């Protein structure tokens, strides 16, 4: 993960793109790329694996830049969030259902 | 990264949620969470770091599940995409500008 | 509005596209097009008016199709929602602030 | 449509919210609300009609504000875009298929 972050940040640095990468602009970029990923599934659940790989990579790329920009570790925030989610969705209540926590 | 993936997948398994996690549903989920992340910046560029951490974590979490579901390595697809992007945005043309490749 | 709806529905009928327009697929389409609209503002607040018009039109187009598909009147649902929003955001509390209702 | 626009704009004016409604912020808002609409279909194609009505209304509401803000007529831009789309998707080629124009 650390190595990947360094490569992503280096790529941005080489192009002097850091000036465009405010947290706000990165949040927009993640939404935009998420929309392109969703487009792979617009009309049905079949998908072209190469397109999905490219679009998913774009989302992850901007997530790494966002984490770097706001100074957090991607792994750590996912682990922290899982703890919170575990409380909202305890195994005994959430098992096998997709119900939202406020209706569980 | 591998360790994180295992924890995320394990969390899902414990709750028997894998049945809901088709690639299509995960693509929807990534878009939905990206929208929640964007909401942290809806009216201005200030943000609550705790909210951003939580929402960014949700996006990354679903990206990891998606990569696992379609059988690809998150790190590898980002590196592969960077190679393609490097060709679309060569340093000498793209340096310091946010212009889209088709207008460079 | 009624005339516009008829034209949009007719366009779809001519192409036999109604089969793809499940509410779920239309919801995906609205998100995808909203992402394309957002792309007009990805790196700054300047925008190309022609691009914005095209992308905004796509969002509205799918909204009209969605309303038609689920059998509701676009105008009526906006008016109904405004009544609810007025209760969440009474003028005296919400005036001049962008605070979310749960923090007002 | 004109009457609806007036009510939506009036609602905003009463709350002095126009200051937050830059085209950029409205584009973000449309994406955010589109994500909430998509959430109604996150795990399957069943939906709660009341929730869908509310979320669709939010998207339409922000689209009306955006059109007003950039000084265009919602109906006209949809008609204009339909003309362009008709050229990209002529009936004889597009009939009954969901293929994107660049692959038709």
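Worth a mention:
Read from first to last, the chains carry the letters A, B, C and D; within each, the first residue is number 1.
In this text, a contact is a pair of C-beta atoms (placed from the backbone, for glycine too) under 8 Å apart; a residue touches a chain by one contact, two chains touch by 3 or more.
For clarity, every value in this text was computed on a predicted model and none was experimentally measured.
Homomeric contact chain B/chain C is classed as same-residue, with over half of its interface positions used by both copies. In terms of C-beta pairs in contact, the better-connected of the chain pairs A-D and C-D is C-D.
Averaged C-alpha coordinates give centres for chain A and chain D that are 25 Å from one another. The distance from the centre of chain C to the centre of chain D, each centre being the mean of the chain's C-alpha atoms, comes to 2 Å. In chain A, 20, 28, 31, 34-35, 38, 41-43, 98 are the positions where the chain touches two or more neighbouring chains simultaneously. Those residues of chain B that touch chain A in the complex are listed here as 1, 4, 7-8, 11, 14-17, 19-20, 22-24, 27-28, 30-31, 34-35, 37-38, 40-41, 45, 47, 49, 52-54, 56-61, 63-64, 66-67, 70, 72, 74-75, 77-82, 84-86, 89, 91, 94-96, 98. Those residues of chain A that touch chain C in the complex are listed here as 20, 25, 28-29, 31-36, 38-39, 41-43. In the complex of the two chains, the chain B residues touching chain C come out as 28, 31, 35, 42-44, 98.
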